[in-house]
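One structure below.
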Amino acid sequence: MAEFLGNIPFLTIIYLMPLCAVIALFFIPGTNHKAVKVVSLVFSVLSFIMSLLLFISYDYKKGGLQFVEHFDWIPAIGVNYFMGVNGINVALVLLTGIIITAGILASWDLNYRPKEFFILLLMLTTGVYGVFMTYNLFLFFLFYEIAVLPMYLLIGIWGTGDKEYAAMKLTLYLLVGSALILAGLLGIYFATGLHTFDFDKIEQFAFDPTFQKIFFPILFVGFGILAALWPFHTWSPDGHASAPTAVSMLHAGVLMKLGAYGCLIIPVWLFPIGAKFWLPVVAVMTLVNIVYGSIGAVKQTDLKYIVAYSSVSHMGVVLLGIAGMNDVAFSGAVFQMVSHGIMTGLFFGLIGMTYGRTHTRDIHKMHGLAKVMPVLAVFFAMTGLCSLGLPGLSGFVAELTTFVGVYKTFPVWTIIAVISIVVTAFYVLRVVQIVFLGPLDAEYKDLKDAKFTEIASLSILMFFIVLFGVYPFYIMELIHGSVLPIAAKIGGM
Amino acid sequence: MEQLNVLGLAIPALPLLAFLLITAITAKKKMLSAVLSISCIFASFLISVYLLILQLKAGHGASYEFSFPWLFLGDVKMSLGILINPLTTVMLIVVTTVSMLVQIYSIGYMKGDYAFSRFFSYISLFSFSMLGIVVANNLIQMYIFWELVGLCSYLLIGFWWFKPEAAEASKKAFIVTRFGDFGFLVGILILSYITGTFNFAEIQAQINAGLISPGLLTVIALLLFSGAVGKSAQFPLHVWLPDAMEGPTPVSALIHAATMVAAGVFMVARLFGIFSASPHAMLVIAYLGGFTAIFAATIALTQNDIKRVLAFSTLSQLGYMMLAMGIGGYTSGMFHLTTHAFFKALLFLGAGSVIHAVHTNDIQLMGGLHKKMPITSITFLIASLSIAGIFPLSGFWSKDEILVNIMESGHMGLYYVAAATAFLTAFYMFRLYLMTFTGKPRDAHAYEHAHESPLTMTVPLMILAVLSIVTGFAGIPGKEQSFYNFLFFGAHPHETHFNMGVALSSSAIAVSGIALALLMYAFGLIKPEAVKNASGPLYKLSYNKYYIDEIYMFFIKNGFFVIASAVKWFDRHVVDGAVNLVAFLCRWAGSKLRLTVNGGVQSYALIIFGGLVFIAAVFAVWNPDALKLLGGR
Amino acid sequence: MTITLAHYVVLSALLFAIGIIGILTRRNAIGILMSLELLFNAAAINMVAFSKYLTPSEIYGDIFTIFIIAIAAAESVLGLAIILAMFRKRETVNADEMNIMKY
Amino acid sequence: MVETILFYGFAALILISALLMIIAPNIYHSALFLALCLFGVAGIYVVLNSYFLAGIQVLVYIGAVVVLALFVINLTRRILDVDSDQHNEQLLPAVIISGLTAFLIISAVLKTNWGTMIAHRVAQDNTALTGRLLLNEFVLPFEIVSVLLLAALIGAISIVAGDKGAQK
């Protein structure tokens, strides 16, 4: 399979798929909502299927970069068209495919300027795919910006509530991150003196220890902002609360993983000495993320704020895994990226659907909704259970692996982090109880349960949560094989 | 031994199959769901019996184990597997038997419920999870299924989710047990880090080799035990179990009396190698168990809800088992678990039958039901006698052996606690029985409508009654072919002998407890009201469960919620405030700097010239040679 | 004591400095324009002096100064015209009162 | 020697009249001091042997620019303005900046090793050469400047006249 696929530019096709949809959408009149949605869906499903194919056909026994495409682009400064995937990328590309498909299905009822909405959404997707596939740092940054910037318009135009504030806050935050990343990448480029942005060559270069110690925090914080590293996380609750459903799904599901992925791939992989020096500090910060995020969620009353804080907490687990500095912890972190991506996509999708019916997100204004929308209630409960780490769902595998791995490096802090499983149970079940259980509010007695598109969207996500929860062996082999070089490099220092 | 792989896997897999089929296919067809579920658990039961026979033939020490990979990460290997040894088979029999009988009973009890199929799917899921714990051969699998039974407990307590109390109770059950699971998980993390494995046998080998320092072992043992404390509702995490009675009564019988809550005891038994290697941990277990036993028994004295009395009785009996485990009575603890599973399930199902008939849980509104429902009454009486420890019922044998073990261990304080608990148990059980089934009906309306339950309900009662009587004979001390020679820890069975003194004294205690109950509630020689008034605050304390719930709520409200609000405030105002402060500073600086754009050409010119000269000056200072006008020549 | 190139440069520097003070401090727009002429002249003196001392045979400095004068004339014509137009509109020639393009 | 006296004389004239020009409270006086200053510059050109340049300086600057300025002063001057403050409040920073400018240039002059570049002056009249150069080598800039002047002329007229039209 891999040999056959090796002959065609598989990766390029995947990330161009949403871009093709964008081009196609330009020629569709914006008034024809149905056509706009169908075209978006078709292309995103195509990219999803191809990412699934990629997932299956990646040869994890061989490991390393596969499906490589390498052409000179601007040889003078070492900017090359360099695409390739390892196990981590494969998992994250699949995640992106899942989330975008579910996201488009979930926004099937969007009727305010859908053409522009889907164009921006798909551009964002292109950027995300690109980041997860490229191994040229220049292209990496380019795709990164493509992924980050449409957010401003998507929230500012289609958002709810205090959307302008949220959009501006989010954009400024992420641009601060981008500025740090750009500075860091240029620093790397000039420090190597190799005149290349190609990751594989840079990775071979032994950076000066002082340089590593200076540039590690710059790059880690730059990416960490997007991964909601405490105390740079406050864009996330506001941003998620204001964003429209699909954007919340994509943002919390995929974009935050972009940050975590960047953290792992660039600062940690390239600067092992800097990582050894700084990661204990990072671990403490992520601990704050985990515990503080989950406690912060307890007293929130807005559903989206609750999930946003739980995201902060769960992303803390990802970052803690990255700070764990061994293969098991890294695997856990990457798996948690995938798991949390799907799970939080589900959460935001469900909240969007609930909000579309009740027109409120205040948990104290909704009671007993399971009576009128049992399907949504079941999905919500399952997602919540995944979030609190119930075995059989992917969240458990991710957290267990991370904790087992990190325990080797930071035993005491791991134990503190485990406290979050209790707090998470507390707020998740509290929400389920208040919103879905108990007697139904009379005003909601005529609400309809999920429609076909909604069920389809949720089912795709839920399928993978259960699949990865029950049978994590394959994807974990994939991920583990690819984090080994990183762990070996740090371990060797 | 290939067939053992298949059989071992089939035991938990069959209920899972039932769960999946009911959820996916037969949800609309109620009877089909029930039949499917029951036949699957029946098949599991048959296999369990077969395995038990195999084990009995093979004798002690015959254990069979196999694993398959679930998650391999370099050195960290997590597997799923099955371990079949005497402990497994005993527990398998208990779980499948009770589960099967409860399911049969439920056909009658849940009849007419709108979510009949859902009930059976949950019960099947529970059976799967519980059997998963039982056959687990490693800590990870145990933890996985440990959590899954917690989920089932959550789902089944909240089965009637539209009742606010049920929703609240299910949440409480899950969260409180999570506290214990936190310790369990941390214990697993530490243990796996030290030993590098999750497998029971491999861990045991390392402990035997003395590779783990005793201090660390105590810490690990206590952490693991905290999982058992949560699941078996030992003090101080006992608060969820009484509330869990909001669930349907068969659920209470299956999960919250016979099997799931006993999982804590089972876990201690399974990991007995770890616990027994740490005398301090054992002492903690013994004393905590003893305390819970008497503590719950005193609460049970005053409760008026039929299910809550039984719930506190369960707490008390679980404390008994823990106490037995703690003083090293591995076999007697497990034996009591077995007998208790049967008679406590019987008590709950009987209570369910009563509730089914009179539609109330309050024993103050019952009375005289013996005439209306004789089968329920008689089976209930058998179970009550059994739990009180009356010869020759099963409770007598198991409880007696625990007492003997305690006495042999030399903890006389614990012995008196256990004896006192036995007295209280006999008293409250007969208080319950007498108030429910004898005397005059207190609520005529309820009495009028009461009727004996249908056969689907009474047959399981009768079977359990038989089991409550005969199980004890398996464990008559000193016999060659006894429970004690089948299931024991270590190389040799624990020496058992019938201690006439203990037997007589415990019987006397039980009889006196029953007699006191008779005096108070049957003959009216001592007025309960008078006792109530005489004990005053003590009665109130007991009636209100020592205000433990209120204390917890106080701490949650004034501790946890305050912290949560503080975090919320901190995040909004300090962290986000800092962000907004930066934004504000930018705007403020902009509003001030804006004033420099005053429209005055000359002030612009001043700034331009000033800037130019400043730069030139800096440049000149930095590199004075640059000032040489003809530098090139 | 002969007059050297340095003398001319110093003279031009001083003239330039005076011109800057004039530009920055005169309120009258015509005054500013006139101060500007001082800067032109300071530059022109430098041009001529450098040209005369460094490349005596060539007179590019003179040529350049001619251009400077011509352009200065054009500049002052336009500047004065603008000032006149401004005066008609706003009844003032004070530079600090012409500040509507602010904030 | 004559050259020295002339240089210092004209230099003093330039600097003093320039100073007076910028501090004169009356803009009319200012313009007259400017004329004097420009005359001093013409004198410096003479000292540098650029007689033609000196002529242009007098003709164009004094004859045209200063006179034009005087016209505009007359056109814009109002009686009330005579005694109003002719300087704004930026005097101190302006003096500092210009002082620093002068200091920098002078310190550059002092630091420079002028070497043999001091006195290589050829005393000759270059008028003819100037004319030749202007019409040969520099003809293009010359023409451009002519066009620029024309444009300035038209521009000045249109600015002043167009405004009139707008007022009507």
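Points to keep in mind about this one:
For reference, chains read A, B, C and D in written order, and residue numbers begin at 1 within each chain.
Following the convention adopted for this analysis, a residue touches a chain if its C-beta (ideal position, glycine included) is under 8 Å from a C-beta of that chain, and two chains touch if they have at least 3 such contacts.
Not measured: the values here are computed from a predicted model.
Among the chains present, the centre nearest to the common Cα mean is that of A. Centre-to-centre separation of chain A and chain D, using mean CA positions: 69 Å. Chain A and chain C have Cα centroids lying 63 Å from one another. Computed centre separation for the pair chain C/chain D is 6 angstrom, with centres defined by C-alpha atoms.
Here the CA centre of chain B is 100 Å from the CA centre of chain D. Shared contact sites, meaning residues of chain B that touch two or more other chains, fall at 602, 606, 609, 629.
Chain contacts: chain D has residues 88, 90, 93-94, 97-98, 101, 109, 112, 114, 117 touching two or more partner chains. Applying the touch definition to all chain combinations yields A-B, B-C, B-D, C-D.
Every residue of chain C that touches chain B in the complex is listed here, in rising order: 9, 20, 23-25, 32, 95-96, 98-103. Of all the residues in chain C, the ones that touch chain D in their complex are 1-11, 13-22, 24-28, 30-31, 33-35, 37-38, 41, 44-45, 48-49, 52-54, 56-57, 59-60, 62-63, 65-67, 69-78, 80-85, 87-89, 93, 95-96. Within the complex formed with chain D, the chain B residues making contact are 602-603, 606, 609-610, 613, 616-617, 620, 624, 627-630, 633.
If you check the complex, the residues on chain B that touch chain C are 594-595, 597-602, 605-606, 609, 629.
The touching residues of chain A, counted against chain B in their complex, run 169, 172-173, 230-231, 233-235, 237-238, 292, 295-296, 298-300, 327-328, 331, 368, 370-371, 385, 388-392, 396-397, 400-401, 403-405, 407-408, 411, 414-415, 418-419, 421-422, 425-426, 429-430, 432-433, 436-440, 472-473, 476-477, 480, 484.
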